[in-house]
Structures are given as structure tokens and as C-alpha cells.
Amino acid sequence: MSAATTPVLELRDVSKSFGPVVALRSGSLAVGAGSIHALVGENGAGKSTLVKVVAGVYRRDGGEFRLGGQPVDFASTAESKDAGVAVIYQEPTLFPDLSVTENIFMGRMPLGSGRLSGRRIDKGAMHAEATALFQRLGVHIDPRRPALGLSIADQQIIEIAKAISLDARLLIMDEPTAALSGNEVARLFAVARSLRDEGRALVFISHRFDEVFELCDTVTVMRDGSYISTDRVAETTESQIVAKMVGREVGDLFPKTVAEIGEVVLDVQNLETAGEFHGVSFQVRAGEIVGLAGLVGAGRSEIARAVFGVDAYDAGTVTLAGKPVPAHDPRGAIRAGMAFVPEDRRQQGLVIQGSVGKNIASVIRSRISKSGLITAGSEYAAARPWADRLEVKTNALDMKAATMSGGNQQKVVIAKWLATNPKLLIIDEPTRGIDVGTKAEVHRLLSELAGQGLAILMISSELPEVLGMADRVLVVREGQITADIARDDATPENVMAAATRSSEKAS
Amino acid sequence: GCGSDDSSTAGDSGGGGGGGDATTVTFLPKALGNPYFDTSDAGGKKAVDEFGGTYAEVGPDTIGPDTQVSFIDTAAQQGVNALVVSGNDPQALCDSLNAARDAGTKVVTFDSDVDPTCRDLFINQATAEGIAKVEVDMIAEQIGDSGEVAILSAAANATNQNAWIKIMEQELADNHPDIKLVDTVYGDDDDQTSFDKTAALLSDHPNLKGIISPTTVGIAAAARYLSTSDAKGKVALTGLGTPNQMRDYVEDGTVTEFALWNPGDLGYLAAYAAKALVDGDITGAEGDKFTAGELGDFEVGADATVLLGEPYRFNKDNIADFDF
Amino acid sequence: MATTDALEPATTRRGYPSYSRNVVQRLLLNREAAVIAALVVVYVYSLVSVDFFDGPLTTYNILKEYSPILLMALPMTLIIITGEIDLSVASTLGVSAAFCGVLVKEHGVDLTTAMVLTLVLGIVLGAVNGFLVAYVGLPSLAVTIGTLALYRGLAEGLIQTDRIAGFDPKWQDWPTERIGGTNVPQIVIPVAILAVVFFVLLHFTSFGRGVYEIGLSPEAAHFSGVNVARTKFLLFVMSGLIASLAGLYVMLRADSAATDTGIGFELKVIASVLLGGVSIFGGRGALHGVIAGVLLIAVLNSALLLSNQGSEVIQIIIGLLLVASVISSSFLSRFRELLPRRTASTNQVSGQKSRKAPQ
Amino acid sequence: MSTDLLVEPSRQSAGQRALTTFLRSRELSIAIVLVLIVIAATLKRHTFVFSHDGWRDTLLTPSILLLLAVGQMVVIVTRNVDLSVGSVLGITAYATGKIFIANPDTPVVLVFAAGLLIGAVLGAMNGFLVAFFRVPALVVTLGTMYAFRGYLTHQAGSKRIVAGDIPANFEKLGTQQLLTVPVLTLIGLAVLAVVGYYLHTARGGRELYAIGSDPDAAHLYGLNVGRRVFGAFVLSGALAGLAGVFSVARYATAFAGTGRDLELQAVAAVVIGGVAIFGGSGTVWGAAIGAFLLVTINRALPILGISDFWQGAVVGGLIIGAIVLDRVLSLRRAHQLIEARDVTEEEG
């Protein structure tokens, strides 16, 4: 196509920082009409930030941003919409109280024609169009039900429907398939191809290379917030891309020192929570790293949360080092010797507006308080060695955690839990959204801890991480453990197969 | 609070200046925004100006047992010569009033008395018996001395109200056997509450013949409701009211007759009594005599009380002559 | 390296400083300091230029009148720091006075016993709020608007037309008698003790740390083992208890209990807490700031009354101070703000989950 | 699997759907309570409804709180709150009186317009502070509640608007009836209908719900949150202003204390009406019924033999009951919705 001469979207050396956190150093991207462009990079590489700059969610700090050749600068997402940019954000953002249809058309609901109904929303037309969209995506969702209570997958589909319905010239999809099952993915791809053939420009972000190679024609790699390379998919290989993403050979990224496996530390039997997971039984032994793999939304975090007791569960037992752990009682779990580094650092792992020192000391207060009294001094004193141990980068312990980079925040969370001297460490997405350097440190630390006989339950959506770190891989699908694979037998293929519905659909 | 009038003079030592030679008299009504007290305090100001004292009016914007306390305390701090109070609560103010008296301030109560042990003098607008009797007489005349009547009072814990009501009950029982007091409701001296309570009274007691409201806010609100209701003319309304608030309703026939003393005179007398106390002409002992400007001579009666006179009846024929 | 025991903290290699700012900055550059400064300025100004403010009665009256507000502000501070609110304190105060009065005057209970029973009532009323908010998970704003009406209604039902007065002088005089020759009423003794207790509780105990964490991020607090529900429950119980204590004081001070005792106090209390630098979104504030906030309002009130200003001027000033305080802090936080969206709303996102006051 | 007709356009007809949603609606539950109370009171004393005054008061007395509740609901649905409405009402009520004193034959229409305007301006102050400075509405409107009230007291002092100041034609308006329905009530219901229709069918209306449902998502959607919130406060103020004019027409008096404590009643009415205090859900119909219930229960209790000393307690209990009911219903609903999701997935 001639349009290919001037790219629809063109970014050069775009940067964006949040305080000290440099999310995007120099992001560059050029997408032509009639093409599907893959954007890949590790967690925290800056992909979503780049997307949000294009969408007008964030104002870029520097760099050039052209749309259809024209320099643009969006102050709000409304402006980007008007300019013909549609975005599927990584995290679904829906209005729980509003109907599915209203969620799709919010801000641009079709108005009735005619004098009287001129300012009136044409609900009929709206529902009809929503229905048509779901037809096209091949899913059952009642357009009239509220978004409240939808699964992550359904939420993701609604985001997709919303973006498609804009019929924009540029469609950006940030990990749209993360929570989708095989046939849902297939339909999404079908729609994407038809859009490409209509001459739209598409950007596709995913951590799954098979999808990238199946769908896209061009691939841009990012690392640590910077542009690395752009190649035609046909002319590159998975290993080349991975090498560029990681910036070194894959081998030395996961320094797993094999520790000798000891006694059973965690014993979970028939754990069940209606609607989340059921019949979950597994054990973790001293010195063992057990990986929980699966799709986003599979329920791994829910399982972890139930085991640690932040969520209640309906049935089952949790035993730690032979002693039963009280249900729905994090304090009890901590006393029993559990530590839990949750998935969402900003909301769950840290009091993000609290100081680094107080965060580190937050779980061991009872220990450091003298005759019931506690002072900032004693907290900082207790926190200091652990900050040292993990080499947290901060210029003082009273700095807000919010001012730190993702990686350092993760270190603070880990420090806070190591300070409790636990028997079992549950760690959910240990390296999500942190830079490569820190990532390696975290991995080294984990295997080191295992080496000293700590039992570790690691949840990760990153196959390489699971395969690299785990002595044993448990695969979770729709709230059930569908496979238990030893380190040596684990391959991307059999783990992915156990994790996705597609396999059983095929059979 | 002060009306916008004297807030202009605020900043200079206003009602303060206890040190100066001019007698400083501060009026403290139950609450601001009540035209009855507007008039009485105006009377007080008139008197204070006559004898060349310094007048101030302060007061809370809501009625409550201790909403007046901070104003009494302040007056004590300012060391005003005399404080003229209409008490919201006979007990709640005592500590503050006594503190003020210890600080050398003479305390005169008017309209609504406090515990005699914590004031120097009470200016009684009319004897409780006199007030109760005139109200009962009026309602009896208006309803032909038989039928159901109800009382619309102020706050449920307003001392003078409750005292009058007690005597009215007695008076009805003794001299008006055919009149039945069926209900007493409390409008808290708030227009809307009184208004809605009146509505409730009428719907609760279908054959109600008359309403007595011994409070100026209450009677005005009740009149307002009656004037727009079917009961207009059928249900008699009387009590204590000010001519300006009631004029419309007397003229349109909602109300035939109501009573009140002249609140202006009451404030006027209170101011002169305060002056007399400050100058040491009287101590509050029974039999003490003093002259209250144009009102003439008065004598202190039992338990340090001075009586203004008998309540005055207002009706179509004379209401035009009054403006307060 | 790998041999060092990871479960043992390393011996300090790079000693982290505890504080990024020096002592002076830390002590002076915050809301609390600003409020205290304002208090001092207003006080000094009044001393020199308001007639009679330097008189002996000023201190006495201020303390006598504002003790109840000060009392109720103590637990209210903690409650607002957790992101909740208690609008029912004044009604609790009212019903406590009524309850005690009725016990003494109509059931002949002796005053001491009656007061103990009243404090128990306060605990119960607080527990009702606490249960509905902490365990049923209802928004405290709505719940305590309900109990605001309910408790006041109970007071009216209890007392009706009675006017309860004439309590045993030995109790009745105690709170307002002066300590020695000073101008300080004795009620200040319990108030001061409680102030210290709450100050320690909030600033020097694990419980207090939990209070702040709940305000900043209920989820994170829950994830690190803070018992969010129990903490909130206890706070509302304290609020009820203290409010009924304040009720007893008001009753004794006035030597009377009436249906409208303490009406409207709740907003005064909340206003002074917010003036004291506590964020309505929770997570921020300190008790000394709040105490200064209460005293600031008290001193302003006294000074304005002494210069014969009406209560309306005080209202206007309180109102403007409130608005100014939030606007200033919103400016500050907008400059300091690191996140693209203001924390305020990110706190709010989870709607029902985060039971914060509407922004 | 087949591509065609994956989404059944819903098994029910529009009519059925409307009916079921109506029958399930939270509003119906309190509407029933309201009706029961009226019936009970009427059985005890037929004049409660079946008399000229009774019928008129049943409709007329709630009209003022109705206006406040409607405005308050629009603010609350955006996850804000307006505590200044009582003071705004007081100011416009007193201003109305002043206007008549200045010129007794001011056309009534003008007076209503003035009330609306003054209210809108005061509301705009709140809206500006909340929307522009992004400061918590609870604090701002608490502040303006004091400030406005203080300003009024300063203006009015102890002066009072009395019946004599109000021209007869305007006084009559307070009780005038059209086919037995009081005019003020008709105006109130008209406002209710317009606002309800807007919230339900206009883009702006749905955006107000969206903002209350998730402010951050609203920003991500590019909705103009500030403008909408500002608008909500202006409306709330304007309606409070209108209510001020109403109150003079009905009570023929106004002073510094007029409208005190109404703000909490308005919020209470909205909460009783099933509007979530954190926005996003609820209807203005519910708020209106809540207002009627709150007022009517006060009129009915004495007739039902409950001494009016206990009315406050009953009202308080009512509010608590309403919130608890909401929690129960919403939990049930959330459960049903998750079920519904699973069902559709089985079909897949």
C-alpha cells in the first residue's frame, strides 16, 4: 500500500519518568498502515508506558510523536480517540455498576435522531451494535448485564470490543491474550487480520512468541525502557528476539543452584473456594522451589492468598511444618512461619505512601517494640541491616516507597518478609515489572534462600522464569492443578498445553 | 451574635469597657432571630441610652441548655456592670452566672427566670398565674367554654412554658370542666417544627376546638398553618404573640384575640433595674423601690422579683395601634 | 556472597541514614507545625490587642468549654486516619447525659453507679457503629449518619419533657473547680491524661502504626497481618466511650441533662480534626496537630466574642480555614505527587472495598 | 462451533425486562414501606389522607426535602457529597423575603429565578473548589456550610421575615392546588422527572454514574470528570435555592436559622432511597421516595401512637435498616452476576 510510505504511528526517543522511576528512556516505534506490529520486551521494559503515552494517558517528557505524519501531543485519551487511536489497556478498566454495553460506548453513546429524542441515547441501537461486536468475537456476554462480577477474560473481551467498535486507524493491544483461552485468541486474531486487510495499523503486545510469529509481520524489541531493534518477523527467530530482550545469553539469567530437598514444610490438602479453585492439593519441601504456572486469571494468586490466609476458603487444610495453619488469619500464618510477597506490589505488597524503613519493619513490629512501645528509631534500626542485605537503593530510610523503582520496591517487599525469618516464602510474580539487573539479583537471592533450606512457592506468568527457577512446576488451569512436572521434564510446550484450554479442545 | 447594626461598631470595646464610668449593660436573649427579643432588647437599648450607659446585645443562634454559657462567660471576662438574661435553662447557666457575679457583674433575668440562687433580680413580665389565666380565658371565650383544646409549646424543657402549662391545666380543671386538654406538643420555637406540629395536632384530633400557643414563634407558625387550612375559623387559636407577626392573621380572621405584655417595656424595665442594682440603689431585697424612667416606680417583691404588670390583649380593634 | 546466611541480616555495609531531611526541617516543615504556629500567633495577637483577653477567666473558660470537643477529637483523629468517620459522637454524648440523668432522677441510682453504667452504654453505642462498619463492612459515613439520628432520638425518648438537674454537688462541682490557685479547671486532668494515652497509642505503638497503614492502604495492611476489622472496631468503641465521658462532663458542668445537649458538636469535632492537619482520606495526621486545631478554634472563638463579634464571624472563619487547609494541602501534594493520578482517587477506586469518605 | 447467533439478544421482551427489573428494584421495597405507613395511618385516622388538609399535606410537606434529595443524589452518584444545602436554602429563603420587602410586587417567576440563580452560584463555588482543586467534597462543603450559614447570620442578624412581608399572592402559592395536587409538589415532581430522565437517557447522566463508579477509569475513558462534577454541584445548589423559595412560600417566614440541619436529612433521604454513598449506583426515584418516607413517617408516627419523642429513634433505625438492606441485596446481586457469567461460559 502507498500509505506504508508515511507510517500511521511514529515515535522517536520518547521518554517518560515517574519521579525517579524511568519507565521509558527512549522508546521508538514506527507502524505502517495495513500491518500488525509486535512490541515485545520483558516485564517492565516500558511497553505499557509507551502505549499510555500514545493514548494520551501520560504526557511524554521528551521525544517526537507523529500520527499520520503530523506531530501530535495528546492531553487526554479523548483527544487520542478523536485522532483515531484505539487502545486495549493491559489492565481492564470497566465501570462495575454500568452495563456491558454502556462500558463499551461510554463517552460516545449513539444519540437518537429526531427533534424529541435528539439528546437521548439510542439504547436499542447501542445494544444491537454490542451484540454484533460479540458475534464477531464469538463470545456469549449479555450486553445488558452490569460489568460487575465479570471474569478477567470477559473483561478483556469487552476491552477488545470497545477498541474495535471505535474502528480507529490505529489499534493498540497491550497483552490482550493474557487471560484468553485458545479459541477466544483465534477469533481475536481473525478480527485483527480483517482489520489489517482493511488497511488499519495494529500494535500487538504479548509475552507469547508463538502468537507473535502467528499474527504479526514486524516486531520491535524494547529493553529497560529503550528501543532495541525492529525486524520483519519472517526474517528473525525466537532466540534472536529473546537475546535482544534480555541483552545477554538466556542461560546465565537463572542461576539455579540445586539445593538438597528436605522435610515437607507446606502441606495443602483439597483447598477449595467456590468460583475460584477446588481440589487443590500440593506440598512444598524445605530447600525446594515450586513454581505455579498458568494463564492470568487461572486462580494462582487466589490459591496463594487463601494459603496465606488473606482470603477465606471454603474447604481444605493448610499445614506448615506439621502444625495446622489457621484459616483466614494472616497473623496466624506469619506466626506459623509463612511469608507472602504478593502479586500487586503497589496495592498489596507495600504501603506505597509509607516510608521504606517502616515498610521493612512493618511485620516485625511486635518483636522490635520494647514493653509495647515502638519508635521510628527502633524501626529504622531494625530495617537498616535488611535494606543492606538486599542492597535497596534509597538515600534514606524515611523516603516514601512510592519514590523508588519497581525493582527496589520489590526488594523492600522481600526484605520485609525475610526479616520475619520465615520457613516458607510464597512469592507471586517475583519479577513482574522490574529491570533486568534487579531481576537477576532476585533470582540469585531466591536460589540462595532455597539453598539455606527455605521452602519457596513461586507464582509466575513467565515461562522462562518458571522453567529456570523451579525444582517442580505445578500448572493451574481454571482453579485446578492440571499438571505436576519435575524440573527436568518441564518444557514450554507441555506446561503451556496444561495451562490452556485449547489442548483439550483439540482432543 | 449581633445584628448587622452593632457588628459595625464591633472591634472597639463595644459592650466591654467595664472600666469606664458609663454603666455597661449586656442583653442576652434566649436566641437571636426572635422578634420578641428584638423588641425587648430594643426597649432595653432605649433605657440604657436614656441613662447614658453602654448597651450591647449578644446571643446564640440556636436555643439549647448551654448555648448561652460562652456569652455569659465572655461578659464576665469583659466585666460588664450588668447582664440581662432570658435563661434557656434554669440550672445549666448557674455556674457561669455565679462566676460572672463573683466577677462583679449584676445579673438580671427577664422573660424566663433561672434558679433564684444564681441571679440578683428577675423581671417578671406577668405572674405565671396571670399569663395562664388570660390564655385560658381567651380560649374559653373563643370556643364557648367547652370542647377539646391542645397546647403548642416551645422546647420540651422550657421552664416558663412548662410552669404556665401546669397552671393552665389546673385552671381548666377548676373553672372550665367542659374544656378537655387533649394534647401538648413541642415546636422548639422553630417555625417549621411548630408549623408541622400544628398540622399533626389537627389531623390527630379531628374535633379539636382550640389551640393555645404560649410562645410567639409557635402561635405565628400555627396561625400560618390554620390560615391555609380547612380548620381556619373552625379551630380557635390564641396564646402569646407579637402584633407584627400576628397582624395578618387577626385581620384575615384566623385569630380573634391573643395576649402579650409589651416586650419593649419589659426590656426597658430590666435595663433600669440593672442600673439600680449597679448603682446600689437596690439590692434585690423585698420592698426595695426604684424608678424605671417613663414606666414610673416599681417595688421588688418576694424572692427578688419585679412584676411588669398584667398581660395585654390584642384584637382587631386595637392591634393597629401597636408596632413591635 | 552466596555463603552468607540470607536469613541473617547482613552486618551494616552501607549505613543508610534514617532521615532525608535534618531535624529542623522535619520538625518545622509540616502541617502540624503550621497549625501550632497559627495558634501561637492568634493567641499572642489576642493577648496584646483584644480587651480582657489577658483576664484571669479566659484560660479557664476556654478549657472549661472546649474540653468535650478536645476529648471527642482524640478518638476521632484515629478514626479519620483509618479513612473512616464518626458523625454520631454528639448524639452519643447527648444520650449518655440523658441516660445518666434518668438513672439518677427517675430510678434513684446513685450518681457514681449511674456514671459507670453510662460509660458502659457509650461502649455499647460505639460497638454498634464499629460492628456495622468493621465487620458488616458498611460505609461509616452512612452508618453514623444513621446512628446520629438514632442516638439523638433515644435521648429525646428518654428525657421527653423532663429537665433533669440538681446532681450530687460533690460530683457536680468537681470538673469545673480550679486546680489549686490556677485558672485551670479540674476536668483538664482527665483530658490531659487521655490526650497522652491517645498520643502514645497513635504514635508509639504497633496498633497506631496499623492505624496509619490502614489509612494509607487497607489492602497492604491486611496483607502484612494488620487486623483491619478489629482495629476499626476498637476505634469506634473508644469513640463511643470517650463521647459518653464527654457527655457526663457536659451534664455535670451544666448540672442538667436535656434532649439537645451537645447538638451539632460532631461537625465542630470533625472540623477541628481536619484543621489539625488530618487528611479526610486517611493515613496522614498527628495528634498534637489536632489538639492545636481545637485550641485554635477555641482561642479564635474567645477572642472574637470578647471583641463583641457574633458567633457568625466564628463560623465564617472556621469554614474558610477548613477550605483553605484542604486547598493548601492539595496544592502541596500536587507538587509532591509522584503518581500520574492523585492518590486521593487511587485510594478510592475500589469503591465499596475502600470505605473512605467520599472525596 | 458455529459463529452465528452466539449472543441471544436476551430471551425476554423489552416489556418483560422492564417489569422484572421494576419488581426486583430497590426502590420498590421502600415504596412499599411508604405505602404501608400511609395505609396504616389512614386506617387509624382516615383524615390522614382523606381530607382536604390531609391529602394536601401528604403531598406538600415532602416537596422541600424532595428538591434537596434530588440535588444531593446527583452529587452523591458522582462519589461526592454536598453538606452546604441547608445553608444555601437558608440564604435563598432570606433573600426571597428581602426581595419582597424591597418590592412587594416582584413577579413570582422572577423570585423563583432569583432563588435558582443564587443557589446555582453558591453551588458553583462548591463545584469549583471540588472539581478544580480536586479537594474532598466532604471537607469543602462542610466548610462552605459554616461559611454560608455564617454569612446569612451576619446579614440577617436577629431580623426575621414575617408573614406581613410576603405578598398574599406568593403566600397563596404555598398551598395552591391544581386538581387537588399542590403546585409546589408539581414543580418538585417536574424537577424530579427532568433530572431522572436526564440521568437515565442522556450521555451526561450516564457519565455521572460512570464517574462515581470508578473515577480513575473515567479519566482513562477521557471523560471530562471536572466539568461533570462541577455541573452536579451547580444543580445541587440551584435546587437548594429553589427549595429556599419553596420554604418561604410554605412557611411565610425566614431567619438566620432557616434550613439548619436539613443537609443531613437530605443525605439520609438519599441513603434510604438506596443510592450508594460511594456513587455509581442508585436512582433519583429512590432518593425521592426516601424523602417522602422520611417526612411522612414523622407525620404518621403520632397517629400510629408512637410519641413524637421517639420519632428520631425510628428515623435513625430506618436509615440503618436501609443501608443493611442495601448490603444484603448487593451481595446477592454480585453472587447472581458471577453465576450468570459461569452459566454463559458453560454454553461456550
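Couple of notes before you dig in:
When the chains are written out, they are named A, B, C and D in that same order, and each has its own residue count from 1.
As a working rule, a residue touches a chain if its C-beta (ideal position, glycine included) is under 8 Å from a C-beta of that chain, and two chains touch if they have at least 3 such contacts.
Chain-to-protein mapping (UniProt): A = Sugar ABC transporter ATP-binding protein; C = Autoinducer 2 import system permease protein LsrD; D = Autoinducer 2 import system permease protein LsrC.
Please read all numbers here as calculations on a predicted model, not as lab measurements.
Chain centre most remote from that of chain C: A (centre = mean of CA atoms). Centres computed as Cα averages put chain A at a distance of 74 Å from chain B. Averaging C-alpha coordinates per chain places the centre of chain B 38 Å away from that of chain C. With centres set at the average Cα position, the gap from chain B to chain D is 38 Å. The set of chain B residues touching two or more other chains comprises 1-2, 7, 32, 61-62, 156.
Taken residue by residue, chain A touches two or more other chains at 57, 96, whereas all remaining positions touch fewer. Across the assembly, chain D contributes 153-154, 157, 213-214, 216-217, 219, 256, 276, 280, 309 as residues in contact with two or more other chains. Inter-chain contacts occur between A-C, A-D, B-C, B-D, C-D.
Residue ranges of chain D in contact with chain C, taken from their complex: 76, 79-81, 129, 133-140, 142-154, 157, 213-217, 219, 256, 264, 267-268, 271, 276-280, 307, 309-317, 319-320, 323-324, 327, 330. The touching residues of chain B, when paired with chain D in their complex, are 1-5, 7, 29, 32-35, 37-38, 57, 59, 61-62, 156, 185, 190-192, 195-197, 199-200, 202-204, 206, 220-221, 223-224, 228-231, 244-245, 247-249. Here chain B touches chain C in the complex through residues 1-2, 6-7, 10-11, 13-18, 32, 56, 58, 60-66, 69-71, 73-74, 76-79, 89-95, 99, 103, 155-157, 159, 162, 186, going by the rule given at the top.
Contacts from chain D toward chain A in the complex involve residues 1, 3-7, 9-10, 17, 201-203, 206-207, 209-210, 212-214, 216-224, 276, 280-281, 333-334, 337-338, 340-342, 344-345, 347-348.
For chain D in complex with chain B, the touching residues are 45, 47-48, 51-54, 57, 61, 153-160, 162-164, 174-175, 247, 250-253, 255-258, 260, 298-299, 302-303, 308-309.
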